[in-house]
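In what follows, chain A forms one complex with chain B and a second complex with chain C.
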Partner chain A sequence: MKNGFLVFLASFVVLGGSWCGFVLAPVLQLGGQQQTTILNSSDVYPVGRPGEANQGLQVYRANGCAACHTEQIQQEGVACDVVLTSVGKNPLAVTNAISGLKLTGLDSVAASAAVDSINAAGGKAEIHINATGPDITRGWGLRHSVAEDFLYDDPVQLGSVRIGPDLADVGTRRPDANWQLLHLYAPQSVVNGSAMPPFRYLFRVQNIGGEPSPDALNLPKGFAPPAGYEVVPTAKARELAAYLLSLQADVPLHDAPFTQPPAVSKP
Partner chain B sequence: MSDEMKSSSPQTSGTEPSVSHSTVPIWIIVLTLVLLFLGMVYFDHHSGWFDAQVYGPYASTEELELYQPKSGEAALLARGKAHYDQVCGLCHGVDGLGKPGQAPPLAGSEWVNTKGFERLTHIPLAGVSGQLSVKGQMWSLSMPAMGAAMSDDDLAGVLSYIRNSWGNKGGPVTADEVKAARAALGAHPLPMSGDQMSKMPE
Partner chain C sequence: MNETSQTNSSAAEIDRSCCIPLLALFGGAALWLVVGAVLALLASIKFHAPDFLANCACLTYGRLQPAADDALLYGFCLPAGLGVALWLLARLGGTPLRGVIVPIVAANLWHLGVTVGLVAILIGDSTGFTWLEFPRGGSVPIFFAYLLLALWSIMIFAGRRERTLYPSQWFLVAALFWFPWIYSSANLFLLTSPVRGVAQAVIGWWFANNLLLVWTGLVGLGVAFYFLPKITARPLQSHYLVLFAFWTFILFATWCGIPPGAPVPAWMPTLSAVAAAWLLVPLFVIFLVVWRTVCGSVKSNWNNTSFCFIGSGIDAFLLSGLMLMAMACPEINRFTNFTWFGPAETQLRLYGFFAMTMFGAVYYILPRAVGLEFPFPKLARAHFWLSLAGIVLLVVPLAIGGIVQGWKLQHPDTVAFADTTKVMLPFLRVSTLGLLAMLLGNLLFFANIMGLTLRWKIALIKQFLAFVKSPLEAASASASLRRDKEVRA
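Up next, the complex of A and B:
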């Protein structure tokens, strides 16, 4: 072959270059990820999944959930709200101070300035930091996903198609394992007009022998099996539900700061 | 320009077209440099220098720092509540009302609502042993030094939290003040009795 060495060299440079870009650079950037601490707390994040949930990750993978669901919350912006916590001794001065101010949807500098002017009038105020963006508005999470969220995922299943909702924070949104099981067996029984196919083969429809099983699903009319039968989740269904409950991206971190709303604060 | 165009344009008839040398037009070089410059400006504003902590919408570590919850009083109290609920709340209750026969209440307690906090700081650092009167009731206590293992920041948060919750009105306690109290007590302080505590300054 003419110029064989040159052809080899050129293809080596092209492949080596893309390897550096697609493999080496991301590993250098994010390869050393470790547990981190939650903001204003000494708790670490993330903690490993319990064994059942960890097996559920493989069920999630085997059933191709990632074909229709993503596990990545996007955030477009950040907005600060100034919340008055105390009017102090001179409420009139504080009222005057805030009357001309914009108190929501500020950037960090404007929010600090607003707090300073409230403090000068003798009141006290806090800055609440909120993520903004379509995903946040839909209630899919409180902040964007970060690399730490996937520390214990093997493989990481980010997904790229959103036929169904994003699941990165589904464990916070739907913390009830029974709801998850009902939804897996008959999605339309809990979500009207859901496009999700039922995963009935993860369940067993069995004859009620003596006592009904304590695990049997409590299905609404139209979805329940004929009289004398019950629907019992198999180990796989339970693992998948445990995995879904373990998907919780609900704590503020240094790389994704936000102010936790008091209603969602966990025990 | 016109000369170059002529020399590189294919012949209209007869001979095969041929390649000859010509210089790169200067406008292409300028355009390339301008695009390179704009690319570098964009990189500077949006890359976060490939820092693993910087995600969009933040453009740099400096901007990310601006949006960290302020390490002011609110952050101190939030931190204090997290630790109180985990460590102290088991006996003193997450509502600060205590547990009959075991732990006296902190809500409205004269030992908490003090002007100073030197004595209060010593309680979690050294522990309490023996008789102690709280809100007119006599308690026989044996409280271990629960705060000895906490960091200065965490203990300052807990003390600030109990002094500002459940109707209590006391000032915040800073980490430096906890550090000073810890140093004054020494490595292995003995638990204090109620008598000793009443003799201490607030």
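Up next, the complex of A and C:
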């Protein structure tokens, strides 16, 4: 045990190995990541957040929102549904073909087999892919989060504890800026029994002089300021709300496919 | 053995040479320990009353919690670990500390950096990366303070008179060397010239794991492997097993930390999970070493407070290691991911293992270094029981609550999200009590350290006064000494 230098060298190699693995390799593999195209579309994803939302990311960071909220939807797998789009010229044959088939919650092999047998009968069918898993069932998103979702974030704040709900797709779930502002000022005014601390310091309570401010919050009873006063969001509150609205992980990608339900698909 | 060294310095001389740097490091650390506990308690109260202190931006949960964590890690754990390492390398190498001004300056620079960093978090200047929240104003001073302290420790190590290495020295030197590497890498790739996208998250996880698991593990185990045999007066069983644990630990532990299901290329979490599974090897070997070393002598050493602290610290290390392995296993991770189980594991490792081990070491080292007894030695015992009760009351409810919460999160059809929060409330209430007990324990530690510092200062003043008052006696004494020498010559 006198070969101090050899010991040092060996430790250096062992410790440096993990540096190569989890610092160098991610930088090489992910550091040059580019936009990707949306599945079945020529549009690219992601497009950067608008300026106000980008500033909101800094408000999110400064107030440590990631201490309670994650931004990573988990997914267990996919389930395929076979949807009949046309019965073709021989409806009876198609009906017969369908009657023996299971058409929902299939894996991809079973789904293509079902589509094949419908096609053979003269009908037309397509496969709809749905992500599965508790987070998806909760309505937190349509697919799991992928590396591309965070391409333009700095800092990337994935969070590690769900003291509050996941926010990766909150902009799709709660697209109303006014709701977000009410929720930030007085969480319990919109979510009964919410454990979120109010962020009143992001708002100004001011005297209504003459004209009421157009930005003033329309708070329910019990949360409203005394008569003659109004609650107005500061720039920081508006930026934070803009950031929350910009959190939309709602497009299918090559590594996270799903079929967009028509109600959610954007114009 | 170094033949040229004339006389090996006595243990007492080495201890005393570390006195002022250790007082500076441990004194500040004790203060941050109390500050961190107060911040953690304030943060915890928010779960019972979300409106509590809600008008103050500085005291919102998202700032209090990271500030509390960083006060514990950067405020207490790192400087305490560095102080103990400095002393241990001096003691094991048989070399007194020279140039004490450098570690003293470094200790103060460190505490300055922590002050800046914590204030920055509270005013909203956190970097947003978990365990790396300090912005440049805080991270640069602590980085250079660390370099100075590590350099001085390594110089003691290099100039050691006892050439044969004791296993603790491997652990400490590796840790001293590893922190600058991970801290500079993380700061460089995340803050100075940030990389794009989720590579940030991967580097952040790698850094946090290497600081919280590898660094604390190396220092804490190195310290424990010195003190457990020392206190029980039994040899370490055996050196070879310990070295095997060392190699397997740095080989596997450095690769942990990427959580399953993270939105990164799949090879990363898979590699981490495999590494975490292999962690069982060093954990088992460490268990074996400790068991064979202290087995049968626990009862007779139970009245030694340092032994209690370090022994329970090792237990907490093994338990937290098992919890970490469980979390890396995909089947179990379903029920622990994103729950309180993770914070419970981190607290168990940071406070239950590392801080407890450091308490034991400081209670042993500081009276010897200063040359005075603690003013309230009985409070050390109370500190042990309060800290132990505190960490149990904090970790057990959070871990159990975390699994309950995870089970509920996994059943979206029957359990609304609000219920997963509500079900945690009773567990969080108990954990607040745990934090309170820890705060009280920390206060006792603080009182003892500050009391000892005060005693030391009073002794210094007395010495000085005595010197001023009796110049003649001193002069005549030195004259007689000279005379004696001449006679002998």
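Descriptive notes on the structure:
Please note the rule applied: the second predicted complex is superposed on the first by the 264 of 267 C-alpha atoms of A that agree within 3 Å, B and C clash if a C-alpha of one lies under 4 Å from a C-alpha of the other, contacts with A are read in each partner's own complex, and residues count from 1 in each chain.
In this section, a contact is a pair of C-beta atoms (placed from the backbone, for glycine too) under 8 Å apart; a residue touches a chain by one contact, two chains touch by 3 or more.
Worth saying up front: this structure is predicted, and the values here are computed from it rather than measured.
When the two structures are aligned on the shared chain, A:Val146 is found in touch with chain B and with chain C. In the overlay built on the shared chain, the residue A:Val14 is in contact with chain C alone; chain B does not reach it. Of the two partner chains placed by superposition, only chain B is touched by A:Pro252; chain C is not. In the superposition on chain A, A:Val161 makes contact with chain C only, not with chain B.
By the document's definition of touching, neither partner reaches A:Ala177: not chain B, not chain C. Looking at the shared chain after the overlay, A:Gly77 reaches chain B, while chain C stays out of its contact range.
Contacts of A:Pro197 after superposition: chain C is touched, whereas chain B is not reached.
Residue contacts after overlaying the shared chain place A:Leu30 against chain B and chain C alike. Where the contact sets of chain A with chain B and with chain C meet, they give residues 29-30, 32-33, 144, 146-147.
Of all residues in chain A, only 1-2, 4, 7-8, 10-11, 14-15, 17-19, 21-23, 26-27, 29-33, 61-68, 70, 72, 74, 134-135, 137-138, 144-165, 187, 191-201 touch chain C in the complex they form. Residues of chain C touching chain A in their complex: 46-47, 50-52, 54-57, 60-63, 65-66, 124-130, 163-165, 170, 173-174, 177-178, 181-182, 185, 189-190, 194-206, 210, 239, 243, 247, 250-251, 254-255, 257-259, 261-265, 268, 271, 337-340, 342-343, 409-413, 417-418, 420-422, 424.
On chain A, the positions that touch chain B within their shared complex are 25, 29-30, 32-33, 39-43, 75-78, 80, 85, 108-109, 126-127, 129, 144, 146-147, 252, 254-257, 259.
Within the complex formed with chain A, the chain B residues making contact are 50, 52-58, 64, 66-70, 74-75, 78-79, 82-83, 151, 154.
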